[in-house]
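As structure tokens, here come the structures.
You will see subunit A twice below: alongside subunit B first, and alongside subunit C after that.
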Partner chain A sequence: MDESATRLLQRIVRRTPTEKLKATLEKWDRLTAAQRRSVDFTEPKWALIEKLVDACKENEFKMKHITELEMILVIENPNQGMWYTFQLVDPEDDAQSVDLLQFQEQFKSHLRELKRNVSVKIKKHTDQAVWIRIAWGDSFSRPNHLKPTYVVHQLQSPYIFVSSLTSKLKPLLLQALTFSTRHLAIKDANLSGRKLTAIRDLLMKEYQQVFPTKYPSPLAENNQTLSNLNIEREHAEASANRHRMAGEAFGDGTLPELQFAVYKMETKFKDPTNVAMTERDEPFRCVVKFSSTNLLESLRHCAASGLASTPVTPLLSSIPLKGRNYFVITDNAPGAASRAQQPQI
Partner chain B sequence: MSLLKPFSKLPGLNTANILLVENQEQLQHMLADVLVKETPLTVTVRLAKSLPLPVDESRPRIDLVVFIINLTSELSFQSAEDSLKYLDPGYFLGKVCFMVTNARHASVPTERLDALRRLAASLHCPLLFAEDQTPEGVIGAAERLLTILKVSAGVVPMTTALYLSNLTRCTLPPDIDQPSFD
Partner chain C sequence: MEQTNASVTRTPLDSVAVKRKSKSRSYRQSYRSCLGVASRLGLTPARRLTTNRKAPESHNITRQVNPEHLALLVKNEWQLAYVTPLHQFRHTQLRSYARHLSAFVVAEKQQGLAVEVSGLQNGFKASMTVVQGMSEADDDPETVLIQIHSKPLFSRPDDPQKLVWSGWLTCINGNPEYLHSLPKDFTCLPLFVYKGAENLSSLVKSWVQRTFDCCFGPLELSQTSLQWLAALWTNCHAESNIQHLRMLWTLPSAPPLQVTYAVDPHDVWELWGSVRKGSWGDGAGEARWIDLEEVASFMQSLKSHFYRHFKLDLSAGILNQVSTALGSARFNGRIKISNSAYVITTLTLLTECALLKMPI
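Let's turn to the complex of A and B:
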């Protein structure tokens, strides 16, 4: 076991909570039963690290074994770090028939062609997703395993989730992914967040949705029977309406946890009292950012409680509808009297 | 969508009607649950988000209008202010009161409370402070409302809403415009 593998192992152990480490080591299944029994998880971290390093040296583990451990940890805890989404477009005829083996071979060879000294590890997770761990090096240095990039892709789905990728390496990775999944192009899907599962659920529409209907469900009147006869809600109808419309825009039940939504405005400044600003030819640039621990839930509450006007403006409802949280807003038609703005790319 | 009038309908026998107006629709539900438990008198509670109320001929005479204002929210204050103009002037003879929550919250600008004091004083209305986080606070607030409600519904002998409001209405401290010393 060389220096860099030891350092990676040390870092993994240091960053993982002890309870989690125990389960992960069992899952890893590389240590012998005797070794596993000798590890005492009540010891302090530094003693634990020493013992594990010794055990790994004894077994003559290489870097690939340690990266395997790291992958198990990341797959088990997907809701860490920042995940960005890309969307594959223009599939070729055989895009539907790409299987894991073919993808694996193709991806590795494409990436090696583009960049030397790259270490790639691919693992298929039980939920059909392919997890790829890439450690980048350049022509003179060996792959840096301390800063790996993670890629998650479900074969035959158009979405790819990437975390910790530098802008320099982005085109290389995207090109390799596009070719190996037999597509012609790839684009930024403008969706990012801290929780991989939430982003995936939002894109795959795996949350409880409400479909617009002219007739409210027959169960609706059951809700009010419990309330006291002497309490009358004057705006009951309006509030039920607001709840329905909020539900139509954002869905019922629990929503995927998004952390923020960013709107970049490139619209003209419109204010009849401020002539100097209104007559400027350049657009008035500003960025509006909403952030919350659960953004969609907050927006739904805003709409349901009447803080935000209903029907929900397309600017807000297009977050779940289009599955993105980064919008650039431009003027709909230059000079047109209507103030309606449409989110565009 | 018209003015709410205090004397356009006859009062019911042994009943009192209270209208709770709150933009955030939280405390009003808790208050309503406590208010309807009052036994000798039948209390009917009507909840609204803001005024004007939808047209409803069967609505009984409303004896007391309470504006519940959460001081941490500017919207709550503005909505109450906008709603005031849909009340008949007759209501301001003792049949309106303001109830303030969260007044001690750290994020409340002091100007907002001062503005509310001015508003209540200019309308000759009482300004009540309530605590909405604990059940005891809600019960206490409901009891104070009930006391005013009984008077304004005319079930307390020897007194009237106008008479009570002379005693309970909000008055401005004379040094409200002075810069505070802290």
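Let's turn to the complex of A and C:
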């Protein structure tokens, strides 16, 4: 085992919680039964690292074995780091028939044509997704396995999720992906987040989207005067209405965990009490960012509780509807209402 | 206060206007509002936030203040606190105060150590200096800078000492009525800005508290103060580019929703101009006053533009932070002043907040 492989192994062990490490090592299934028995997970990390490095040296493991361990970890814990979404467009006639073997070969050869010294590892996961790990090097240096890029793609779907990609390498990767999936172009899908599963669910609409048409209104208590009852009924109706509309805009049940949404706005400032600004020709430029631990949940709560007026504005309901969290907003015609337009990238 | 009696039937604001005309010294004008009302309510003069204040002017204090002190103030983010008036504090005795403070810090740090570690004796060295030129009105007591230097535990004897803690006791444009009303033995430096290790901060506070019989309290910035800062900074855009006006709101949804609202500097400046009444434009005039009403309508305009698009009412949440290239201020009392030209303006507002916060 060379030095860089040892360093990668050390880092993996150091960064992984012991519980997770135990499960991952079992899944990896590269250590002998005796070696596995000798590893004591109650020991401190540094002792654990020492023991595992020794075991791997004993088995004469190479970098590829260690990257395999890393891939298992990343695939099992997809909700780390920042994931960006790209969308394949203009499929060629044979795009639907690309299989894993073909894609694998094509992708590796395309990428190697574009860049020397890249190390690519491809693994098919049980949920049909293809996981690609790319370690980048250049003409003079060997691939850097400490800063790999991860790509997740489900064959025949238009979406590709990428994490840890520098802007310099982005065009190369996108080009290789476009060619090997038999498409003509690829574009930014304007969706990003910390949780891969969440942004994938949002795009594939794989979350509960049952839109109820009726809500039971709460039962009124009997011993109240009639006028109170009426007021309460009215309140209950308004509240039920808000809940319905919040559900219609964002869906019910658990929502995919998005962390933020960004709106770049260049719209006219309109205020009947402020003539100077309303008559101004230039738009009012601002950037609005909403963030929360679960953005869609927060927005739904805002609408349901009355913090936000209902019906929910299309600007906000576009997030789940269009599966995007980056928007550029301009007035489509002078005096007309604003709408979401194609972002300028 | 005979004028106040004459105008009992008027609204408080009217009486403010009447009184303003009667006085001539401009820096006192901002406190007019509280006088009219406060005297009738029997309150001390400092107890209300002013409803109008002078538009910020860039003060070239670089000429007056030691550039080293200014650089220290400008490059860092500071925590804010208020201090009640200091009893028997003398600007002339700073040297001996510093000696006492050093001894106090060292003694406290040694508590719990079984053996006296001789290295610690020289471990902390406090210094206290008057910051020349860091005052505005004649009544303001001079600003005092407290610094604590320390040597890392395992350093060589010739290593230079490192600055580990600094704090300022200051009063910029303090309410003159209030300052005059204090008994002779008290010095009012109500604003305490500091940064450094938490335990050193509490040591310094407890030493000052014991020595000058005063007390400290956290200075949080109210919604109004943050809005004032947003308006005051925006007002500077013509002279000094503010880059952006960024406001951070938190809405009480579950889970909480954070809204960052960043506006283009030129557009926000024009919006500010459109809500200004009267004096906008004729910059040379003496009447460059900013009114709380203008600040409120500025904020309302920003909120209504937001509402028009997102149907979300920002008034339901709290304004947590405002920032521009000139500085940033947070609800929890952390502030950064990035441009030395507007130090005085910002500290004037903060002095006022500190005076308001003080339990009297």
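A few points about this structure:
The definition used in the following text is that the second predicted complex is superposed on the first by the 291 of 345 C-alpha atoms of A that agree within 3 Å, B and C clash if a C-alpha of one lies under 4 Å from a C-alpha of the other, contacts with A are read in each partner's own complex, and residues count from 1 in each chain.
As a working rule, contacts are C-beta pairs under 8 Å (C-beta built on N, C-alpha and C of every residue); 3 or more make two chains touch, one makes a residue touch a chain.
Here the structure is a predicted model, which means the values were calculated and not measured.
Look at A:S239: by the touch rule set out above, it reaches subunit B but stays clear of subunit C.
Within the superposed three-chain model, A:N230 lies in touch with subunit B and out of touch with subunit C [touch as defined at top]. Taking subunit A as the reference chain, the count of touched residues is higher for C when subunit B and subunit C are set side by side. Of the two partner chains, subunit B and subunit C are each touched by A:L307. When the shared chain is aligned, subunit C comes close enough to touch A:K270, but subunit B does not. By the touch criterion defined above, A:A185 reaches neither subunit B nor subunit C. Applying the stated contact rule after C-alpha superposition, one finds that A:F290 touches subunit C and leaves subunit B untouched. Once both structures are placed on chain A, subunit A residues 305, 307 are touched by subunit B and, in the other complex, by subunit C. Here subunit B touches subunit A in the complex through residues 19, 23-25, 32-33, 36, 42-49, 53-54, 56, 75, going by the rule given at the top. The part of subunit A that touches subunit B in the complex is made up of residues 228, 230-235, 237-239, 305-307. Those residues of subunit C that touch subunit A in the complex are listed here as 251-264, 267, 270-271, 273-275, 301, 304-306, 308-313, 316.
Remark: subunit A residues 263, 265, 267, 269-271, 274, 276-277, 280, 282, 284-295, 297-299, 301-302, 305, 307-310, 312-313, 315-316, 329, 338 touch subunit C in the complex.
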